[in-house]
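Quick one: this structure, given as C-alpha cells, is what I'll be asking you about.
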Amino acid sequence: MKPRGGYNVNLIGGPSGVVEKLSPPEKLCIPLHSRHLKFSELRVADGDSVSSGQTLAVDPEAFSVPLLAPCGGTAGLSRLDGHIVIENLNCPPDPAPDPELPTHVPYDSGQAAEKRRKLLELGAWQFVSNARTHQVADPDGTPSAVIVSTVHLEPFVARGSAICTGSINELVRGLEHLQSLLEYQAIHLVLPNVKLELAQDIQKTIRGHAWLKLSEVPLQMRYPFDNQTLLARHLGLFTEGDETVWFIPAAGVIAFDRALTLNRPCTSRIISLAGPVVKDPLHLEVPVGYPIDKIIAGRLTQDDNVRVVNGGILTGTQITEDQAGIDTECSGLTVLETPTVREMFGWLRLGCDRRSFSKCFTSTLKKAFGENLSTSLRGERRPCVACGQCVTVCPAGIMPNAIHKYLFSDELEQAQRLRTDLCAECGLCSYICPSKIDLYDELVRAKVRIAEELGPPAEEPEEQAAQENQEEDVA
Amino acid sequence: MANSPAPIGGCGSGICCGKGKETFKAGVWVTNPIAIQILGICSALAVTTTLMNSLVMSIALTFVCVGSNLFVSLLRDVTPRRVRMIAEVAIIATFVIIFDLLLKAFYFEMSEQLGPYVGLIITNCIVMGRAEAFALQNPPVVSMLDGFANGIGYTIVLCSVGFFRELLGAGQLFGYTIMETVANKGWYPQNVVMILAPGAFITLGFLIALYNYMSGANDPDKETSP
Amino acid sequence: MKFLANLLDKARPTFQKGGSLSALKPLFDAIDAFMFNPLTQSKLAPHARDPLDVKRYMSMVIIALIPCTMASFYFFGWRMLPMIMVSYMAGGAVEVAFAVIRKEEINEGFLVTGLLFPLILPPGLPLWMVAVGVMFGVLVGKEIFGGTGRNLFNPALVGRCFLLLSYGGEMGGAWIEPGGGWFGRLGQYAETSVDAVSQATPLYDAAAEIPKFAPLSDLFYGNVLGCAGETSALALILGGVLLLIFGVASWRTVIPLLVGFGVMTVVLVGGDMQLVVWHYLAGGLLLGAFFMATDPVSSPMTNGGKFVYGALIGIATALIRLKTPLFEGMMFAILTGNMFAPIIDEVFIAMHVRGLRNEK
Amino acid sequence: MKSNLYTIVYAALLALVCATALTAVNALTKEAYDDNLAAKKDRNIMTVLGISFDANASAKEIVKIREQKVKEDTDRAALYGARHVYFSDHPEHGRLWAITFEGDGMWKPIEGLLCLKADLKTIYRVTFYKQEETPGLGAKIAKAPFQNGFRGKSIYDSSGKPGILIKRAGTNHQSNEIDAITGASITSGKVKDMLNKLINKIAKAKTAGKLPGVPDGQ
C-alpha cells in the first residue's frame, strides 16, 4: 500500500530538542487509568509505605501490566479520586551509568520467556502494542513482525529524536534484547529521512551486527504516517487479516534496555511540553504521577483560558480536573489557548496568517509556516457540503463523508461496507472539515458499534448471495 | 403493478364487514389510494389539466370501481381461484369500455380531451387493487361502498390537482375565467408549467406533503407507501 | 467594533430560548455569525481546527462571481441591482422561514444561490418573476430535501427551470440590448417595457435555418444578448479560473465537462475549429461549467464520479444544443447530471470499496 | 380447487356475458360516435371557409349543412399534394379554397387548413385542427390572435416570389409577413415551413397552366 492522504498541521510552539529533568516533587498523583490501560486491581492498601519500583496496581485485562511506584513513600488511595497519591517521597537518584557497559549484548534466544516476564514486571512491556488494536500486546504471543518507530509526527508529542539523542547505545542494546525475545521475525526500524544525523548514528552503531534482523524504513514525514496501523499496512504486514504485529516506540526499546541490562523499573517518561502558549517549549523527563499543575506552573504565557491536552493536538484528550498527574502512557502535554475575543469579519479577511489545507486563504502563496492555533472551532457546525477534503486527506483511503452520510441515516451496514474498520483514528478529517463535523469521533464510535453489533464483515460470496436473494425478493 | 394489493387498513380478513362507516373512511382518507398508496398516478398526472377533465375521469373511475367491485363480489364464491385475476380484468374491462363508448357517443369533446386515459383505467391499480384486496373477501354491498369510497378518495385528490392546475395554469375553473390572463389583456400571467406534466408532479407532491402533514404520517413506524 | 459586539451581546437574551423573539433565533444567529467569528470551541479531539469554514468556502464562490456580476452591470445596467436584491430577499425569506420551522441555523449556501440566480436570468425579466423563481428554487430545490447539503438539484437551476417552463414567453422576450462604449449601460436603468427585446440570442441565430453567427469577439467580451451573467466569457473564465485555484470548484468536473462538450461538438458539427470555439463561448456553457456543475452538494462526492458527471453534462449539453429544438442546453444537462449523481456515486463507491477489499 | 371443466365453463360464460354487454352498448352508441367524428372534421372545414352554422347543432345537422355547402375537389388535391381540397362559394368573397396541410411541430405533427380566396393569392383564413405544441407558447397557433394575423395576407412577396414569412411582432410588415408568437420561435418556424411547402406547390401548379375542369382565377 502506498502512503496516501496525510497533512502536516503546522503550529507555533513545537518543543525544542532540550530534555530537562525535573526535580522530584512533593507528592506524586498517579492516575489509575490512561488511554489503553485501566489499573483496576490494587496491590497496596491505603497508608502503606511503598518502596521505589513496587507494584501499586495491575491491569487484569491487559496481561497484568503493573503500575510501578516511581519513588518510595506513603501511598494514599482515597486522597484523590482515580489516583494513587504518594507522599513523603524518597526518590533515590539514578546512579550514573556504568561506562564499562558493552555497546552490544550477545544474542541469546534461550531465555526469551524469562526476559519477557521480567519486562512485564519492570514496566517496560506496556510500550509493546498490537499494531491493529493499539492495545498492549500479549507477552506470550508470537508476532509475525515487529515495528520499532523512532518517529512521532503528531504535533506536539515527545519527538523521537529528542528521546533517542544521547541514548543511541541504549536503543541499540534494546533492539538486541528485543531480537532475543523473538525467533526469526524481522524487526522493521522506522527512521525519518535516512540522511538525518540521528538516523546515521543509529545506522553506524547497528552496522556490522549481521545477526540483528533489521530492515530500516525511511518514512515520509507527513502526519499520520507514523501511525502503527498505517505503518503495518504500508509495510505489507497485514495480508491475511489475523496477523499479530507488534509496535514499539523508541522510548519502549530504551525501556527494554533499562529493564534487561540495568535491571531497573521503568517509571519515568520523556514528555513534551509545548503549544502556542508555552513560553519555552521543551521536553521533560518526569516520573509517572508528576502533578500536572506543577509542570505547567510558570511555563505558560497566560494562566487563564488555556486548555491542557494529554497528548497531541489531533488525538490527545483534554485534561480535566479529575486527572492530576502524568499517566503511564503520556507522551506530551500540549497547551492551547481558549479564545475569548470574537474576531470581526474574520471570514472576509485575506488570511495571510492562517494556514489551511484548502487554498482559500492568501497564505497559500507563502511558504509553510506555523500557525498560532487555539481551541476555537473557527466556524459554525453545518451540514456536510460534500467538499471531499476529508477523502483527500484520509490516510486510510476511506471516505469519511460517505460514511458520515450513512451514519446520519443510521445505516450501519453501509458504514461497514465502506470499511469504517480501516480508519486509523488520526483525526485529520475532523481537523480539515469546513462544516466542523466531528468525523473523528463519529468514525471511532461507529467502529466500536460495528464491531459490537455487526461483527466481522461478511465474506464476499455470501454478500453476493445475499444481494441476489434480495433481488429475488424484490422481483 | 397490478398485483400490489396494499391492503393497509383494508378489510382483508373481513373483520369490519358491516362497518360501512369505517370502510368509507378508509377509502376516502386513511388509505387514500393516491395520497397514501400512490396508485393510479399515471392518469392522475395526465388528465388533470382542467378541473372538468379531472371530474369526468374521477366519475369514470368511481363508476368502474363500484361496478367491478359489485360483480367481483357477487361472483366471489363461484370464481375459481386460478382464473380470478382474468375474471377481474374481464369485468373491469367491460365497465371501462362501456363508459368509454358512452363518453364517445354523448360527450365527444370530453372523450377527445381525455384521450386514451379512460381506456387505461383497465390497468389502473386502484380498481384492480380494490377488487383483489376487498371485493374478493366481502359481500356485495360493502364492496360497492368500498369501491365508491375509493372513487371518492381518488376524486378528492384528482380534483384538487385539477383545481390548482387549471386555476394557476389558465386562470380558469371549469372553463370559466377566474383570473383574466395577460394574453387576453388581463392581469394574470399564465403559469404554463402547471398545464404541462411537471405541474402535475409538483402539485401532487405538495398535496401529498400537505396530506402527510395533516394526518401526521411522518411517524417513522407508520408505513406510508406500499 | 466593540460597540457592535456589545450590541449583539445585549440583544442575545431576547433571542435565546424563553426570550420574546426566540422564534427568530436563526436570523439573529445568522447576523451574529456574519459579523463575528463564533467562540464555539472543539469539545473533542482534534483540539484545533483548520481555519476554513463553510462561510469562507461560500464567500470564495461569491468572489469568483464578482467579474461576471460586474459585466452584467456594465452590459445591462442598474436593473441588475434590484434583481439581485429581490433574489436575496425572496429566497432569504423562504430560507429563514424554514430555519425557524426546523429550528436550525441559516445556511451560507444561500448567499451563492441568491447571487447566481439573477445571473442566469434574462436581464429584463419582471422582478416578481425573479422572486417567484428563487422562492420555488429554494423551496423545491433545497428545503424540501432537508436544506443545504441534502439537496439533489442545484436550487438556482431548479428555479430557472421552473420559470422557463412556466413563463417561457416572457423568458424568451426579456433580453436587453447590451450597452457598449466606455460606460456600457452603467448610467442607465433599463426599463423592461421599453428596452426589453424578444430578439434572438446568438445560439438561436446559430440554430436557425440560415445560421447567423455572432462575432467571436462579441461573445468573448459579452456584447451579445443573453442571460445577465452568461454573456461575457472573459469575466466567466476569470472567475472560473479563480474558483479552480481556490480549490472550491473541482477541476475533476470542469475539465471533463469542457472536453466532453468539445468532443461532442466536433462530432456533431465537424472539424471547423472556429465553430467549436464559438460554441464554447456562446450561451451558458462556461457559467454552468464553472459555477453550476461544480456545486459540490449536487455533484457526485467521489472523485471518479466527478469525471463521469462532468463528461455526461458536457456531452448532454452539446447534444441538446445541436440536436434538439432547445438551442440552449446547459440547464437541462446539469439537472440531468444532478439526477444521475447519486447513481454515479453508487458505482464509484462500490469500486472504491472493491479497491479496499484487500486491505486488512 | 374446482375442476378444470368448471373453470373452462366459468370462463366461457363470463366472456360471453361481457362480450354480449359490450356488443349491445357498442351497437347503441356507434352511430352517434361516427356522427361525432364526421361533425368534428366538418366544423373545422366550415369555420375556415367562413360558413356560419349553429354552434349547438347536433352532429347530424352539422354534417348535413357541410354536405350542402361544401364540395371537395380531388383533382386539385392530387395536384397540390394535399389530402383534401374543399371549396364553397362565399357570398362576399366568391369561391374559397380550403387546402389541408401537415408537417412536424415542435413535439408532435401539426395539421391544419389553409383557406385561400378565389385569386389563389390572398389568404382568407388559416386554422390548425390538430396540434400538441407547448401550452401557452406554441399552442397559441390554435388561438385567434395568431390565426387572425394571416387574414388578407398574400402568399407572394412584393416581387412575386411565393412564400410567406413569420416575423417578430411589432415591426412593419410586408404583405406576406405575419406576426410571430413571442417566445415560440420554433413552432412559428415550423408552421412557416409547412405552409411554404404547400404554397410553393400551389404557385407551381398555377404557373404550369390551367387546372382540368376548373376555371382559373374565378
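Every chain is named by a letter (A, B, C and D) in the order it is written, and numbering of its residues begins at 1.
Methods note: contacts are C-beta pairs under 8 Å (C-beta built on N, C-alpha and C of every residue); 3 or more make two chains touch, one makes a residue touch a chain.
Bear in mind the structure is a predicted one, so any value in this text is a computation, not a measurement.
Asker: Name the chain pair with more contacting C-beta pairs, choosing from B-C and C-D.
Answerer: Greater number of contacting C-beta pairs: C-D.
Asker: List the centre-to-centre spacing of chain A and chain D in whole Å, with centres computed as mean CA coordinates.
Answerer: Chain A and chain D have C-alpha centres separated by 86 Å.
Asker: Quick check: how many Å separate the C-alpha centres of chain A and chain B?
Answerer: From the centre of chain A to the centre of chain B is 66 Å.
Asker: What is the distance, in whole Å, between the centres of chain B and chain C, each centre taken as the mean of its C-alpha atoms?
Answerer: 40
Asker: Let me have the rounded angstrom distance from the C-alpha centre of chain C over to the C-alpha centre of chain D, please.
Answerer: 46
Asker: Residues touching two or more other chains, restricted to chain B: which are they?
Answerer: Residues 190, 192, 196.
Asker: Which positions in chain C touch two or more other chains at once?
Answerer: 168, 170
Asker: Counting only residues that touch at least 2 other chains, which ones in chain D make the list?
Answerer: Within chain D, residues 134, 136-137 contact more than one other chain.
Asker: Among line, ring, star, complete and other, which best matches the way these chains touch?
Answerer: If you draw each chain as a dot and join those that touch, the picture is no line, ring, star or complete graph.
Asker: Quick one: which bits of chain C touch chain A in the complex? Just the residue numbers, please.
Answerer: Within the complex, chain C touches chain A at residues 1, 4-5, 33, 35-57, 59-60, 105, 107-109, 147-150, 245-248, 250, 296-297, 299, 301-303, 345, 349, 352-353, 355-357, 359-360.
Asker: Within their complex, state which residues of chain D touch chain C.
Answerer: Residues of chain D touching chain C: 106, 134, 136-137, 168, 181-186, 189.
Asker: Considering only the defined contacts, which chain C positions touch chain B in the complex?
Answerer: 140, 144, 162, 165-168, 170
Asker: Could you please specify the touching residues of chain D with respect to chain B in the complex?
Answerer: 1-2, 6-7, 10-11, 14-15, 18, 21-22, 25-26, 28-30, 32-33, 36-37, 40, 59, 134-137, 140, 143, 145
Asker: What part of chain C is in contact with chain D in the complex they form?
Answerer: 168-173, 198-200, 204, 208-209, 325
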